[in-house]
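Take a look at the structures below.
Each of the two complexes below includes chain A, the first together with chain B, the second together with chain C.
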Partner chain A sequence: MIEWIRFILTALLMIAGLVIFGISTLGVFRFKYAVNRMHAAAMGDTLGVGLCLVGLAVSAPDFFVAAKILMVVIFFWLSAPVSSHLLCRLEIETNERLHKYMTVHEKTLAQEREEKEEEA
Partner chain B sequence: MREKPEGLLKWAHAFSAFMNAGDERLDNDLVFSQVRDADQDVYEADSYEQEWAEHEQEEKQEVIERLERWRALKGYRAARRAYALLCVTICMIMIVVLLYTVGSLPAYGDPNHPINNEVSARYIEKGLQETGAVNIVTGMILDYRAFDTLGESTVLFTGAMVVLFLLRADAQSHKYSALAQTMKDSPHSETFYEPHRDVILQKTAMILVPVVLIFGVYVVLNGHLSPGGGFSGGAIMGAGLMLYVTAFGFASIRRFFTYKTYQFVVLIALLTYAMSKCYSFYTGANHIESIIPLGTPGAILSSGLILVLNICVGFVVTCTMYAFYAMFRKGEM
Partner chain C sequence: MFFVYFALWVVLNGKWTTEIAAFGLAFAAIAYFFSCRFMGFSLKTDARLMIRAWQAVRYGVMLLKEILNANLAVMRMVLDLDFEPKPQLVKFNSGLKKERHRVVLANSITLTPGTITCLLEGDEFLVHALDESLVEGLDDGVMITRLKEMEAGK
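And now, the complex of A and B:
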């Protein structure tokens, strides 16, 4: 009985993760603007990977394998948003036609750097 | 030659005119002018010049220029062609020799050749007993084929050295460092948009860097027990160092990892590797019992020299990965 519950849970989580991956791939190709596309890709990197790996962890034979898989999930959730943040920041800094796509309230990198240097 | 300048002059004139037809447009060639400037001193120092002064000035000038132009243009061209020809010849000889050697090797998958029956069977059957490593792959690459792995580590080291030669651009070694500094601060440079004390990145790196480094150490030290070893663990530790640099900048990492550290660590690691393998080759070739115990298979301090060699390879790979990253990103360490 418990084996069946684990199997069904794993299958559901894996299918959900794969659906998320599919949506994110579709978004990467359908969206026109870089930041939108990055949003779609980051969704696959965090939610899709998270669901798939949690599914694997549920079906893992012993506790340590599951713990390792959950460590991988934590690593992905720490690293993927940060890399997305850096890429997005670079896009905002370097795209000269940004105002056509969105409103930006952030300070530019140059202004921020000047402020930091004033502080230091 | 000195007794008959006229003969030489005529010969040189005819020869250069023959060799040089249609090359007038290259008068302002940079190479040509440099060569002429360098050779002017030689001509002035020579007494030959004074003999030539009796002759008509314009003609002399023209002939000299043509001769030198020939040497500067056609001569260089000929040298370049000879160089290319030599390259092709040497490459062809190497190809022929190597193909000949390949032809005398046994056929791929030949069941009667030792590499396909005896060697692999011996690795699998006696690998654990002879090397003490539970992980057969590590036992092969760091015991049976340790010489090959030393070559691989040296290749990594050489690659890092070459990248250093080509890309190093710090204040001591590079004459364009002032220019590089100006370029770095300008908004048109690539480094301007690098993460500059980014808070999100720094906080994440504070969590991730220690974990990544410890995981790398684990992979290196467990190389003889589980999948892993010096190369993969070194790559993980190098990635940790790169993350640290990206988050906190080169000023921070220089507190514990400088160019001197790099040199020291890589040198010591390669020397340790070479010395320990010298010892085991010596004892193995002379059928002497090695004093290094193999230990209990499965324990962390087992399998003789493999642990030491894994640590050495891990250090070399870590330093090389980081050196590549630092060189390509900034040109210094």
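And now, the complex of A and C:
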């Protein structure tokens, strides 16, 4: 009985993870600009990988294997943002026509909020 | 940090025997001595951090929730075929004092889909967001308020 519950739980989590991977791949093709595409890819990186590996951890034979798999998730989530940050930074610093692709705010968010309040 | 090293050792070994535990204690002690000596850890700060470890756990749970919400939002954008994203590049000052907390915030922002930290200089964050709706709550959302609470030591 407990084996079946574990199997169904694993299958559900894995399928959910794969669906998210599918959607993020669709997003990578659908959006137009490199940085926008990274947002779609980040979806697969976070929840997609997370759900797939948690599903594997549920079906793991003993505690230590499950702990190892969960550790993979933690290290992945610590390191993935670093690479996407560096890619994004490269794009922002080297692209001279940023205005074409995005709205660039010159002021900080707090300043903008203040201005809006003053107008109102 | 010592306990983290020890837990890593045991988990990566995959078994729990007296021998592994003894070796683990020894090697964790060596690694901890090394990180105290060369990487700026110290017993005092570690003890202080351990008392507040539950805050880190609470932050992690909240981060999970944020990741889930942001994932759902971005998924909706991808699946809505008429939708065209309006990317934004925004600046804000976090008001956090410690470098450690700023880095945690930057990493959390990048980890939630839809927002990427591009630049972090001093206290100024430069964040790229996929759409206008994702900009809200960047500089006054749950993540930053929780980090400020942690900094104040509550």
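Observations on the model:
One rule holds in what follows: the second predicted complex is superposed on the first by the 103 of 120 C-alpha atoms of A that agree within 3 Å, B and C clash if a C-alpha of one lies under 4 Å from a C-alpha of the other, contacts with A are read in each partner's own complex, and residues count from 1 in each chain.
Basically, a contact is a pair of C-beta atoms (placed from the backbone, for glycine too) under 8 Å apart; a residue touches a chain by one contact, two chains touch by 3 or more.
Fair warning: this is a prediction, and the values are worked out from it, not measured in the lab.
Once the two complexes are overlaid on the shared chain, A:Thr94 sits against chain B while remaining clear of chain C.
Of the two partner chains, chain B and chain C are each touched by A:Leu78. Touching more residues of chain A than its counterpart among chain B and chain C is C. Overlap of the chain B and chain C interfaces on chain A comprises residues 78, 82, 85, 89, 93, 109-110. Of all the residues in chain C, the ones that touch chain A in their complex are 8, 11-15, 67-68, 71, 74-75, 77-79, 81, 85-93, 106-107, 110-119, 124, 126, 128, 130, 135, 138-139.
For chain A in complex with chain C, the touching residues are 20, 23-24, 26-27, 30-31, 33, 35-36, 38-40, 42-43, 46-47, 50, 64-65, 67-68, 71, 77-78, 80-82, 84-85, 88-89, 91-93, 98, 101-110. Contact residues on chain A toward chain B in their complex (touch as defined above): 75, 78-79, 82, 85-86, 89-90, 93-94, 109-110, 112-113, 116. Per the touch definition, chain B reaches chain A in the complex via residues 187, 192-193, 195-198, 200-201, 204, 207-208, 211.
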